[in-house]
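Each of the next two complexes has subunit A plus one other chain: subunit B in the first, subunit C in the second.
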Partner chain A sequence: MELGWLLRGWRTGIVTTPYPTRPDPPPQGFRGRPQLDGERCRIDDGCTVCVEVCLPRALRLETVPNGLDRRLVLDLLPCIMCGLCVQACPTGALHMQSDGELAVRSPQDAQTIVPLEMEVSSDGHI
Partner chain B sequence: MSILDWARQVRLLHPNEWEVVLTPANLTTTVEALCANPRNHFTDMFGVEMGGERQLRLLFALDSEHGWLHLVVPVTGDSPHYTSLVEVCPATLWYEREVAEECGIIPSGHPGPLHLRLPDDWPEGVYPHGGGFSWQDKIPAVAPHPVELASAPDGIVDYPLGPVRSGVVESGHYLLRTAGEELVDMRLQLFYKHRGIEKRAEGCSLLHLPLIAERISGTSAFAHSLALCEAVERAAGIEAPPRARYLRTLFAELERLYNHHGYQADLCQATGLVVGQAQFDVLKERLLRLNARLAGHRYLFGLNVPGGLSRDLTDTERQVIDEELRFQRRTFTVLEELLFRSNSHIDRLERTGTLPPELALAWGAVGPVGRAAGVDRDLRRDHPYAAYAELDFAVPLETDGDALARARLRLEEVRQSFRLIDQILGSLPSSAVRVPPEACMVRPGVSALGWVESPRGEGVHWLSFGEQRQARRYRVRTGSFANWQTFPAAVPGHNILTDFPVIEQSFGLSFAGADR
Partner chain C sequence: MVTFELLDEPDSSITEPSTALRRQIQHLFGRSLHIRHVDAGSCNGCESEIKLLTSPYYDIHRLGIFFTTTPRHADLLLVTGAITRAMVDPLQRTYAAMPEPRLVVATGACACDGGIFGRSCLTLGRLSAILPVDTYIPGCPPTPLALIHGLLLTLGRAEQRLHRQILAHHADGKA
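Right after this comes the complex of A and B.
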């Protein structure tokens, strides 16, 4: 074995980081993942640009299990984090969160849900 | 007699891109004539179905002046046949199998007409690129019909390896035949990672196509999205702004650098040189972090868009690259010297996994694998794209064709990448980095070619658009696909079983890239 390698390794020292004991934030400029702010979302007004632009259908309109109401779902499991939805969103309800923390404990934790409020008339029809 | 004498129609599609329409009867003579000139290189062969008409298409790279030549052979009937070209052009071997299973165009007289890419339980008569098949169609389930290989003769032992192996290795299955210690033959089963990427692209808009191209092979994401964007730009008749062309060259070289560092790390792992492996991995990781800072993604996803780039480079970022490059250069010089002083490493590479130059040429080896066996081809020089025509660099060439030649060649390529990046940082033009999306408009029905010298060799993308300006047919020939076909030729002869990891790593191929 060439002794130079030994010296080289010793000089390099430890380059791995103690993450997750200590935070290891991604470099400045990292794109990250989309985050959906239900307060600013205009899905109620019929805006669905994010759903139309999403290739893997990570953003989709779903019918709630009661069979009546609908909701907008952002699901990070199929999401490829391309950021097209963030560019398309006219109200800024979608933005990229670049802390680099992506792990979740259950598939449900990867979902953000915005319920669609239906206008109900006095005779009970939508 | 030239090809023009028997061509039914010759057209110039785009600058440096010719199309010749032939009958099946003239195909063999034409291919033979093209292969007789060593300046022409067979590049791709695939089938297309358009408006109910099926076409067999071949692509040849001509010299720098003439560019590319498409041979288009319209075929008719339920089960169209043509005479197999394997005898006149051996490199078509895998391509003909792929055309047969994906388009139903049958090569008569093919020496091994088996399935190539499709799984064992794929039903007969269902063609992914023929018969109006859509990627959303449900495929009927049939019983698997795997190909049974003849068992090994007496004294020969079959050693199966993969598809699941230790470490972060992609899926591929090898059947290694050994006589005692010596490797005498090898069978290869790839395509476990076939995802139907080309099929998935059908119907996609310009907005989504780069996302698909990036996913062909993660470690060549920038190269593939670049080839795709160049194809789109040629189809739209536009050119990316000068700054975008320079920045694309910069990112393509950053991608080559981290890949080549990763390559040396893997090779060190194969020879048991763990400190060397760690050292090259450190260099690679630093570049991935640099990528994340510059592009927002460690593997440069989301950067190429038709008409340019999705983000610009600031002056601060330019300085960051400059500083990192100085570190990389300094460290690389030290590591390279240490590598050549490590006999335990070099001895394992020398005369191991030799790909003889004549086989490399005949089987169509490309990229570093080809150049290490005397195939003097580099698309950056021979068919320049992005800003390569305006920059000064050398294309290293080796003729031994062994693992050491492949490793040495990539070391030299790293130095050339440093040179290129230096020049780009010193002469970065100021302009926009993207033409407005409304200016990037393809005509309905147009098709175009895009190409790139990816870290693993020539990537060639052909894209045809439908009436709604969406992708109608997307075809990708990656460098890894071309080189996997040559790989079994390097295994038998003077290699023992424990050389196999070294041979495999020394080719440095991507499974995902070949499987698509």
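Right after this comes the complex of A and C.
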């Protein structure tokens, strides 16, 4: 009986993950996090589909501190990685990427920004 | 509906620990660290991932990282949840009870920046509003590997992969 357990342990070997010495690939079907491609984004043409579907406002339009220009920000800190924005984006500018090393020391480091130049009238309308 | 708002940059004097302190901490805690975990309004998703860290598969004990049940023995405060107002005082008292130097890690979308709960009359929506946060681990919930990376990043034993990215922008059909 005891010998059986010994053999079982010997045959199974080490189950502990090799991370961080070696990478541990995520399991199949792991969704990962959204990534934004500025080349394909059509925010200049008035597309704001992703901003509207994002529940925690991880994708948002912000006013640049100069008060005139705006920008599209993908902020991974509030993002719940639901993937709704990827499904909704009509141009494929957003896609899910399954990398796990997302920790940051400063909140700004988790942001991806697409700058935007648009004429903004004094009452804030385009 | 699209909304516009001014940038709400956190006050760097509160949220940024000094580089010298960070170096001292990395020297002291490099190979041995005790964590006190506090749930400040979490849905328990983050807890189920944190619990896995001590399982045979992830086994953070092999990295010299342990959980402790009292803040007086802890070097690092691991906070989950959207920081409910009822937990502000217990969190501050936990932080005050920890010996210096001490580290603070915000875990999950909720503690980092509100997540699905956000800021409301009941929640502050981010840990950095009350404590100086050293590391943010995003994800809802973060996977155990992401947690290990976040802890090692805090200790200076891993490098940060994400950096603020400002993308060039050329919409099709534009000059």
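Some points to look at:
Rule of thumb we're sticking to: the second predicted complex is superposed on the first by the 104 of 126 C-alpha atoms of A that agree within 3 Å, B and C clash if a C-alpha of one lies under 4 Å from a C-alpha of the other, contacts with A are read in each partner's own complex, and residues count from 1 in each chain.
Just so it is clear, a contact is a pair of C-beta atoms (placed from the backbone, for glycine too) under 8 Å apart; a residue touches a chain by one contact, two chains touch by 3 or more.
In this text the structure is predicted, and so the values were computed from the model without any measurement.
By the touch criterion stated above, A:V49 is placed in contact with neither subunit B nor subunit C. Shared-chain residue A:W5: touches subunit B; no touch with subunit C.
Look at A:V114: by the touch rule set out above, it reaches subunit C but stays clear of subunit B. By the touch criterion defined above, A:I80 reaches both subunit B and subunit C.
Contacts of A:V15 after superposition: both subunit B and subunit C are touched. Legend: residue contacts after superposition of the two complexes on their common chain; A:P26 is shown touching both subunit B and subunit C.
Partner contacting the larger number of subunit A residues, of subunit B and subunit C: C. The residues of subunit A shared by its contacts with subunit B and with subunit C are 15, 26, 30, 55, 80, 82. On the side of subunit B, the complex with subunit A involves touching residues 204, 207-208, 211-212, 215, 273, 275-276, 278-279, 282, 285, 289-290, 292-297, 301-302, 317, 334-335, 337-338, 341-342, 344. Residues 15-17, 19-20, 24, 26, 30, 33, 36-39, 41-45, 48, 51-52, 55-57, 60-65, 70, 75-82, 99-116, 124 of subunit A are the ones that touch subunit C when the two sit in their complex.
The touching residues of subunit A, when paired with subunit B in their complex, are 1-2, 4-6, 8-9, 12, 15, 26-32, 53, 55, 80, 82-84, 98. For subunit C in complex with subunit A, the touching residues are 1-7, 10, 15-16, 56-59, 62-63, 109, 112-116, 118, 128, 134-140, 142-143, 145-146, 148-150, 152-154, 157-158, 160-172, 174.
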